[in-house]
Every structure is written in C-alpha cells, then in structure tokens.
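Once you scroll down, you'll see the structures, which are given as structure tokens.
Next come two complexes, and both contain chain A; in the first it sits with chain B, in the second with chain C.
After this line comes the complex of A and B, so read on.
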C-alpha cells in the first residue's frame, strides 16, 4: 500500500522474543502485529483520521524504549502534572517506576501493580480484561500498542470498596538524544458497587521527539462509579496518541474529563460502551491550544441496551495556528430504547490562523430515543467584551474572564473538594491563560 | 386536515406508487454496455461538435480509473455498469398536426403524470399549442423521456424575453459557445465517480440562461421520466443566471415499477452571477422499490451551485421520497462576497429505502451566509443519513451558517444518522449546528386520535407539521403535491 517500509516493524519483531507474559500475551501481541501490518499508518483516505494526519511519524526514527527500569528521571516537570493528595504511580517512558511512586497507603480492596509484574506472575488474571475493551483490527495504534505490549498498570478495586483519595497515574515521556516511542497499557477494573477517582497526567521532558501511544481499558461492573480526569500537558516535540476503551455494566456511572493543554500533535480517543441498563456516561473536555498545537478529541459512545444516558460537552479555545478537532459519535443500537444522548461541542477561535473542525455524529437504530447534538464555532462575543470593558475592566482581563467563563461549563462537573482535581485544573488553566492567550490581538479593537 | 383526507383517498385510488406504470413506446437504443463506441454513438446521435465528444471521452477514460465511492452509509450490491443501456429515445415521429395524431401511449403517459392538457399538446409536439396556451401565466415544462428531451413548452415565448430554455442537446447545437463556457465549470468531469460517468454518457437535460436584469416571469420545470427497461438516465442540467436576474426552476421525476434496479446519475450545475438568484426545487419520486426492497431506482446525483457574483443567491429545496438508494448533496460554493446559499430538504424513506443526502456549503467570499434545514423521516426498515459539510475558508470574514437537522423515526426498525462536518478557519465566522432525533410522541398521537383523527391521518398531519419549514419554501403547486406525497410515502408505516 505504501512505498515506505512500515514504521515500528523492527520494534515489533525484535521485541517479541523477550517481552513478558505467557502464551496468551504472546498470541495477543502476534494479533496486534498482524493488524498493524494490515493497517499501517492511517492514510489520506482514512475517515477516522481525516483531520489528524500522522504520516509524519514515519519520518521520525523512533527508538523503542528500554525494557528494564529506566534510571529515575532526574528532572520530572512535576509542576506540569495535576497536584493534590493522591496515591501516585509514575510511569517513565511506559515502564512502571516503583521508586517514584507512592503506594504505601492503598486501602484494602485496592490492588495496583505494574502490568509487567502481573504478566510474569499471574497472566491468567488478565484474561477477561486485557484486550477486551479495544479492537485492534480496525485501529492501527491500538494494534501497535498491543503488538508491543510490555508494561503499564493494572488497577483492581474490589466490589463495594470506595476509594477516598484519587489514584494519580503520571505518564512521563523523557527523551535525551534520540526519539523514543512508548506504548503503555493501563487496565482498570472496578468491582460491583465500588467507587474511585482516577487521575492521569501526561507530561514530558527532553529535546528529542517522543511518541506516547497509550491504551487504557476500563471495566465498570454493575453500580460502579468512576471519575476519570486526564490531563494532557506535553512539550511541543511530543506526539500523544491515547485510546481508552470503557465498558459500563448495569447502573454503572462513568464521568470522564479531558483537559487538553496540548502536545505538538495529540489525538485522544475514548470509546464507551454502555452495556448494562440504566448506566450513565459523561464525557467532557476542555482544550486550550496555541502555537502549532493540534489536538483531536474523538469519542464514541455506544448505547447497546435500553435506558442509558450520556452527555458530552467539549469546549475548545484556539489561538495562533492551533487546530482543534472534535469528532463525537453516538451510536444507538437496535432495541436500545429510552436512550437519552446529548452532545455539545463549542470552539472559540482567537486568531485568524486557528482552525476548528467539528464532526458530531449520530447513528440511531431505535425509535424511542431522545438524541441531540449542537455545535457552534465563533469568536469572542464583541458585545460581552464591550460590556466588561465599559465597566472599567481592561480588555486583557475581560478576554481572560470570557474565556474562563466559556470553559467553566465543561470544568464544573469535575469533582472538587479536598481530593477532587478541580482546583488543580483551574490553577493549570489560569497559568495557561495568563500567558499570551488573553492578550488583545492587534486586529480586535473595541467596537 | 383536508390534505390528509386527500392523502388517504389518493392512496386508496392509486395504490402505493402511483407513477409505477410503464409505457410501450418504440424506442431507439444504443447497444447494451459502456465502451468508447457507446459514447461515440451517443455523440453521433446528437450530432455533437468534436470538442464535446473529446470531453466525453476524456471523462470516460478518467472514470475507468476511478474507484466507486464507499463512504456513504448505503448498502447495495455492486452495480454492473455494462449491464445497462446508456441511450434510449422514443422513436422520431414526423411533426404532428393535432392531438389525435399523437402516439396515444405517449399521450396517456403525460395524462397519468398529471401534466395539464394544454401543455400536453405542446409536449407532444402539436403545432399551435403555444398560441393555445399563450397569455396564461404558468409553468414552462421540458419533458425528458429516458435519454432525450421530448418537448419544451413556452420556448418561443420565453425566447422573446431573452430567456433561453431548451434541452441541452438543442443548446449544444444552437449555442455551443455558451455550453462550452459553462459546462463542467461547476462540476468538472473528474469531480467524482458518478459525475464523471455522467460527463461521459449524459444524454439530455435542460439548459437555462436568464439574461441580465430579467426576472423570469414563469416557473421553469423539467419533468424526468425513466421508461425503458434496463436503461439508466444520465441527464445534465445547466442553469446560468446573469447579473441581477432571477429564476425559479422545478424538477420532478418518476419511473415505472420494475423488479430490477435502474440507475440514475445526473449532474446539475448552477451559476449565479452578481446579484442573481436561482431557486431550484426538486420533488424526487422515482420508483422506490417494493416493501421487500425489490426494484427501485439507484439515484446518484451531483448538484452544485456556484455563487460567483457579489450578492448572488442560490436556494435548493428538495423533497426526496422516491428511489431505492439516494446519494445526493446539492451544494453551494459561495465565492462572491455577500453571497447566500440555502438548502431545505425533506427526505422520507420507508420500507427498505436508503438515503444518504445532505449538502455542502463552502464559504469563500466575505460575509457569505448559508442556511441548512434538513428534515429526515425514516419509517419501516429504512435507513437515512444526513451528511453535510460547512467549510469556512480564511478569507470568508463575517461568514455565517445556521444548520438544523432533525430526524423523525417511525417504527423501531428504522434508522436515522446525522454526520455533519464543520470546518472553520476564520475567527470572524459564526457557525451553529443543531440536530435532534426523536419519534412521533405518544402525546401527539393521543391528542389527534382523541379528536377523532385516525392514526394514519394523524401521522400524515404530524409529519407535515414536522416538515413545514421546508415545504413552505416550495412554489405553491409543488407544495401541495409534496404534502400529499408525504402522506403517501409513509402509508403502511403505522398500525
């Protein structure tokens, strides 16, 4: 199909011999390899990657991340991550780093291990979790991740357990002289009636490019509740591809929030399947991008059974030459009656070179449903700016206030309080907004 | 209410698809299949200039290399393009002196299609019909029967005012320069698979040119009819509105009820110059196939308007009730500053029909505005997709779009999808999109039934209300027909 040799093929073939896990893991990797060979990098005609061109990846000579523990990263930019009281797990270049993690106070009923350890000691415990929530056949990067499956995190929460403090997973990309590609896998299982908050921060340091290609699989059993907050705050030279597959049992509740402060190139894809009745999924996102940043937020919410609800609110603020892509799809299966699904995507363009591409999509096979989506793209409202400035607020502050207000709707559903990450997110946002985003562009004068 | 009663009567009188009859008329056909020889045959039949033959052959060569598009949410077996006739024309008759001499079959066809008698006389080519009809404001009709235009009414009258309204074959003979200037300028031959096929084999269609400053005094209309077995219809319509002119154009389509699928791949090009306005309305009622999905027209149409001039405006209105497969995206390229594009659509799919339809609005000029209102109704086991693109280019300062697409589902095996693409590259542009999907609520049904309206009528009433925004934009004669059609198309979907 392509003239170029398939990227990462050497990583895949070389790694196969000495990766952890028994025959099941090896078989899974082989499937991943086969599918990657069949799919390759998404080409020009790929509908799923229509707005996000990743052909450039083939020109970067990525090295595979070393298999064993990396030396502890000397200067992790911890300030870029979420803060607050949490159980912290750090993964450096896709490998679990025990000495950077702090897991001493995990309550009973909560198990958190490195994926590699589990693959080596009791791989059969992963049989109904690993590779179940994602399909490598149609997703090239999930196939690549699976083909190189080696390490990551396995989190299991026993039925009925409520976790007070959040678990905070910090993905660190660290490059020195050469480009690195890392493929971490995160597996989460919440037992019946359990509740937890999972935070993920993606941060990085280093001059050379880094590809962080993560796959997260989450299984929520009946009546389980998960708050899942992901922060994307990577340097310009980094590419972040994240795919999360989430399955919800009866009356389970999932609320995801993605804060996109960018990477040079990022695609954050979430696929949620509501497979138990009366389950609810919420998926919100806020993106603030500048420079040449590109962020693609793609979501799929599949209503497989009756009486489930889902809501999505995505707000993007785009400055300079940034490009914000939002593709959201809701599928209502035949017989999934009484479904209620809502999508709301809004983009604010602050610069003549910024671009917003929005594709809200409904695919409905049942009639007794209420599904709606709305999308709007525009600039800051001149009248609102005038209102504020006429009351003595300087234009820069006024713009900042309006942008903050614009994002607030998505942010307010994030859990707050002592253990909630909302304050931490607000801090990061304020820091980003105090930069040049709020500055008055030359073109925009008061009316 | 009255409309709904009529609907029920019409259904009782005429059965499910009232245009399903076929006519036995002798016809000339090209040999079956598609080769360069077929194209040379068509071109020679039409006595075309050399450049047009070359243009067709170029398109054909490009088409052979093109893959068939697969992105639409449509499911149909592969089409054998060699298993069809690409040219079928009713056999030429010597000029007729009175209605009595007209082939009674052809006459009956028009009668059944409900085309008024006086126009009918003209349609059948009777001399003097122009005088009979003169002085009456009305609709000028171009009737296209399979591959050829059989007649155009009011031609002379319109010509006096400077309006050119004729079949495109005649235009090629009479005004080759005009045709050469505009043909393919909006939809180039290599634009897409079906447009490319059409460019190679198009047989007839209408040509309209409205001169500078003239408001065309009557509606122009083309009536398309596929009659022959195993034929495809490939018509090409070209409408040019010069500076400051206005024209309203209607098209209607029907086909006989046949068990095999028939292909219809048309191209429509509209050009609006400075301050010009074109209103283009379609009531598409090709044979949709039977309840089990047997037969029906495959309708693959490329319609595009270029709003080239400042303040130009193009408005598309479509009522799509027929065809087994619909693949159609009437679009506007808003090039001129302050130009406007509108798209109003009602699409109804019932039984096994599938439709993937929508629009594209490309904002290039400053202060360009577009409005999209799409109402989709899906019943039975039908599947329907709204697919739309709104693209704002960096120069389109002050561009504005509003899109509303609503879907109504009737029956739990029907499906409705919405796939809008919204691309903005100008911060001064304001784009809004809203979509909802729902079904006829029990409350609404209860309200109607409680007042003595039976379920079938109630559905027709509610659906007509749901589509009102769009039906209102149709010219009056069409609006009435469309309302009836809404009821008929949904016949059998409740109960």
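After this line comes the complex of A and C, so read on.
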C-alpha cells in the first residue's frame, strides 16, 4: 500500500463495487474518486494546508474499516466524551452502531438514522442534501470521504419542531494491530423554524494509528436554530480531519463551538454560508494542547446576502511543542450590505517551543459593513503571576488559574446555557489542566 | 525580636542600584510609615520584601521572624505571613475575586496544616468583610480588579488583606485614588487589623492617611536610603516643608 503513489486508491477502487446506495450515491463517489485522484494529499504549495503538513499520512499503511456493523466495543473510553442527558448515537470506526445508540425516545418530527440504512432504503431522500454543502473539487479529504461514502448519520428535524434534549454523536476510533482510516458522513437538516442541539465527541482507543476523516453537511432552513458543540479528545496516534459545510437560510441561527483537547494531528475546517437575510452564525473554539499535538482550526464565513451577522472567538493554550493554527476568513459579497462580522483569535504560549499561527482574514466587497478582527499571541503575564503568588498561591496553581481565566471567556460562549454541555466541558478542561499543563516551570520566562 | 529586620539592604534592577543600604526593624504591634519623593525606592523596598523577581539583592539581609527569607519564593513569603497591598493592583481577567481568594486562603491553611475552608464559612467571611469595607457584594463574583475603579482596586487589596490576616502588612500608597469616605473605610479596615502581633509598613505621600492610621514611627526615604526617622510629628513637618532638606542631603 505504501508503495502506491496515491494513498487510499485501493480502498477507493475496492469499495466502489459493494457500497450501499443508488446511482446518485455511486455517481457522487465516482466524483469523489476523480477529485481525490486529481488533488491527492495536499503538498507544500497548498495554501489551505500551509501550516498543517499531512504528507506523513502516505507512509502509514492504513486499512479500510470493515463495512459490517461494529460489535459493541467493550472499552469505549466514555469518560473522554461529553456527558449529560442526550439522545446518544455511537459510531465506531465510521459505522453507525445501533447496539450502542439509544434512538428510541426521539420525539415526533425527529428522524435519526444510520446513513447506510438510508442509502439502502431510500437514497433519493438524500438527493438535495448529500454533497450539497461541500465542494470536493478543491478539498482533497472531502473528496476522499465522498469517494468512500458508506455510513454515518442522517438527522432530520421537521419544520417547527423543537428538540429539547441534545443529540450526542460519539465518534469512536478503535484500532487493534493495524492502522485504520475511517470516513464518516453526517447529514443534518433542520426544517423551517425548528431548533436543536447537536453534540459531537471524537474519542478513541488503540495502539495503532487511526485517521478519522469526517464530513458534516448541515442545512438550516429559514428561522431554524442549531447549537453545535464538538469535542475533540483523541489519543496521540490519531489524526482527525473534519470538514463541515453549513448553510443558513433567512433568520436562521447557528452557534458552533469546538473544544480541542487534541489528537496527535487534527485539522477542523468549517465553512458557513449565510444565504438568507438576517441569519446569524457564531463559531467559537477553545483549544488546550501539549506535547507534539497539532490542531488547525480553519474557518470560512461567507456573507452572501445583506443583514447577516457573525462572531468568532478562538482561544488556544499551547504547551510544550504544541502547535495551534487558526485560519479564519470572512468573505462579504458585493451586495451583502449591513453585514456585521467579528473575529477574535488569541493564543497563550506556555513554552518557548509552542507555536501559534493565527491568520484572521477579511475579504469585503460591500461598502456598508461593520467588520473587525484581531489576533494576539502571548505568554503568561509575569505581573499577574506575581500578584497571585504574592497571596500565597503556589506558582503551579497560579498558572492554572491564569490559564483557566484565559479560557473562561471562550467557555462562557458554549451554547446551550445552564443545561448545555458547559459543565461537562469545564470538567474535561479541569482534568486536562490538572495534568502537567500548568506545571511548566519556565512558563513565565517565555519572551 | 522584631517582626521584620532589614539590615544594610542593597538591591539593584539591572545595572542600577535602587536600594543603597536600608536598615529598618518593625516590632510586632507597630505601624511604620514611609514617606519620600517619587522614585526614591519605596515600592522597590516593598517588592523586594515580597520577593518579586527582577531585583538583585547585592548586600544585606531580610530577617522575618528571625529567619533569613532570601531563598523564599513570593508564595512562601506570603504563606509565612507577608502581604503586599500593591501600588497598582493587577487585573486578572477570567478569575473571580472569590476563586482567587479561596485559593489563597486554602494555600495558607494547607501550609499551616489546617483543612480547607468550608464553602459556607468562606462565603460568610467574604460577605462580612466586603460589607465592612463598603464593597459591593457583586465585586467578589467579578474577575479580580477587572473594570474596578481605581479606588475599588485599592479597597479590594485591603479586602484581601483582611481575609488573609497576614502578620506583616506592606501598604504601598493604598490611599492614592481613594475618595474621602473610602479613605476612612480603608483606614478603619487597617486599624481593625492592628494587633499586638501584627506589624505595618505604610507607604504614603500624604499626611492625611496618617491622621487615620496613626504611625508609631515615620521614615523619610530618599534616593534609596532612609535619611530620617522620627515619630508621627515628622509626617506633619514633611507636609509643611516638603522633602527639600532631605533630597539635598541625599
């Protein structure tokens, strides 16, 4: 496998024959395959992947995950996932696992199925959803995901329906003795005036590497509201690549929050299109990385029509040799007047070897707009540390308090209010921080 | 034994010598005031006592309760009983005053071999102390000093001091920025802490504060040295004549 010039090509050609779905799905896969062949792994000249080198993937002999239903995995590290009351759906290695999911208490107006089941039974119901929010022509990993399209989740909420409990999608990567590549697809459609909360946890176990390459497509019809919280909490040997394409109709509201606690290598890209007037998108993130972890949060918010608003706050804490990349682009179309777009990226470096690459970018073609962006990178403040320690707090605790304080502003933005996943995220964060992160002795010496 | 004894203390920042041989002993139960022109080294002295980084002590020593504290870090000094009310209190975004003080209080209790404070007890302590210092209740739920007015910041430092009950209180221009009422409230807060085992070093530019917190000893500080020591009347004399006599001498 490794001697092939284009990785995954065997997965793609072998898969084509027996994957589920009708001619539309087959045609879509073929396009995915063609685009993957044209694009391949992003190379040195790729601007979009400039800070995130993925050529190493070609040296890992990934196997394709088996298509059959996964057996109930005994050792899912559930403690790594978000907690709280929710309708849980578990996907093991990209395959929806009915045994581990509880889909029986769904209220009227809510449909939640495995993508595979839908592809087998009524593939035509996906025609105006599948492949619509993303463009595989320019995105190699979305092309790869599409070429291997087989399973995932389809969530449909009928117009006017409000889903009280969140839906919690747990992506589990589980490897044994060989490396696995999995390519789940998540499709979400919120009918007019509906409202829901979608939680996603990416967790994993296993000694061998795993590539989780997911694509999520979300369509919000007019006045629909979606709160979407994604936790990334994968082991070192894992690579997590994700692309989400989200379209907002008139007065629709989307609020996404990404909590990145890492994988060895991760790149999460979100592309939001505000295509109905007075729609609002919030896209916030917090990341806490250490060791050699790398997380790339890339976003595109496209204001296509007038009077839409978007806000974005990203805060990263980087220790050891960790690297945090934040590329955020806002595009305001020529007639998208009265656009209000805000971006704020901040990184806290705890070690001289940690690196933050922040690139806020505005592309404005309209004239009556309010846009602001800013980026700042710095070390822990020596004055603040002295103030805390001068009260008797030991330096390690003081650093922990400052780090928590730095992240507090981001955590406040976790959607869902008091019943949302904020506490669960705060717990995971506290556990992470009580580890060695705050212990860096030379933290304040960082220039 | 003095609570703190400073002997021939020389300290520099980079190449520049700021403290040029300070001798000072504060007995338990006494209040020492330090007055002196801008740039004389008053804050430097209090920072060096508190153990702030960036100063190099080139000569002399500081004995706290008879022990040399040269090797102690700021948090160890604080847990031993030293408290510095800052000339410019620092803002800590995202960390509430209550979280901060609870951590500080428990650090001291832990060092003293005591159990952590019970949440209810802590809350009561915070509320009672805030009331005594005329601080709004919500201040303790806000991030430390963030968006506090100048006077509120100074009062918040005295609030911390009242909760932590140190044995040596270093007050660096706590009166600057306080309105007349706040000055009284803060002074009352400080006076309430006066006790036979506690000592105070009060840095100020204004005699006014010393009408409220009556000092036992007044020092005039100029160019890194104590150039004169007297009783409370020395402050009045300074108020009338300024520092000209001393700065010329220094």
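In this text, the second predicted complex is superposed on the first by the 431 of 447 C-alpha atoms of A that agree within 3 Å, B and C clash if a C-alpha of one lies under 4 Å from a C-alpha of the other, contacts with A are read in each partner's own complex, and residues count from 1 in each chain.
Criterion: contacts are C-beta pairs under 8 Å (C-beta built on N, C-alpha and C of every residue); 3 or more make two chains touch, one makes a residue touch a chain.
Here the structure is a predicted model, which is why all the values come from computation and not from measurement.
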{"item": "Fit-or-clash call for chain B and chain C when the two complexes are aligned on chain A", "value": "fit"}
{"item": "First, second, both or neither for A:423, with chain B first and chain C second", "value": "neither"}
{"item": "Which of chain B and chain C A:383 touches, first, second, both or neither", "value": "second"}
{"item": "Touching partner for A:373 - first (chain B), second (chain C), both, neither", "value": "first"}
{"item": "First, second, both or neither for A:277, with chain B first and chain C second", "value": "neither"}
{"item": "Partner touching more residues of chain A, whether chain B or chain C", "value": "B"}
{"item": "Touched partner set for A:393, first chain B, second chain C, both or neither", "value": "second"}
{"item": "First (chain B), second (chain C), both or neither touched by A:34", "value": "neither"}
{"item": "First (chain B), second (chain C), both or neither touched by A:407", "value": "second"}
{"item": "Chain C versus chain B - closest C-alpha approach in the superposed model, Å", "value": "15"}
{"item": "Chain A to chain B touching residues, read off their complex", "value": "47, 334-335, 337, 347, 349-379"}
{"item": "Contact set on chain A toward chain C in their complex", "value": "382-384, 386-395, 397-398, 401-402, 404-409"}
{"item": "Chain A contact footprint on chain C (complex, rising order)", "value": "50-53, 73-75, 77-79, 83-84, 86, 89-95, 99-101, 103-104, 107-108, 111, 143-144, 160, 164"}
{"item": "Contact footprint of chain A on chain B as seen in their complex", "value": "71, 394, 407, 409-439"}
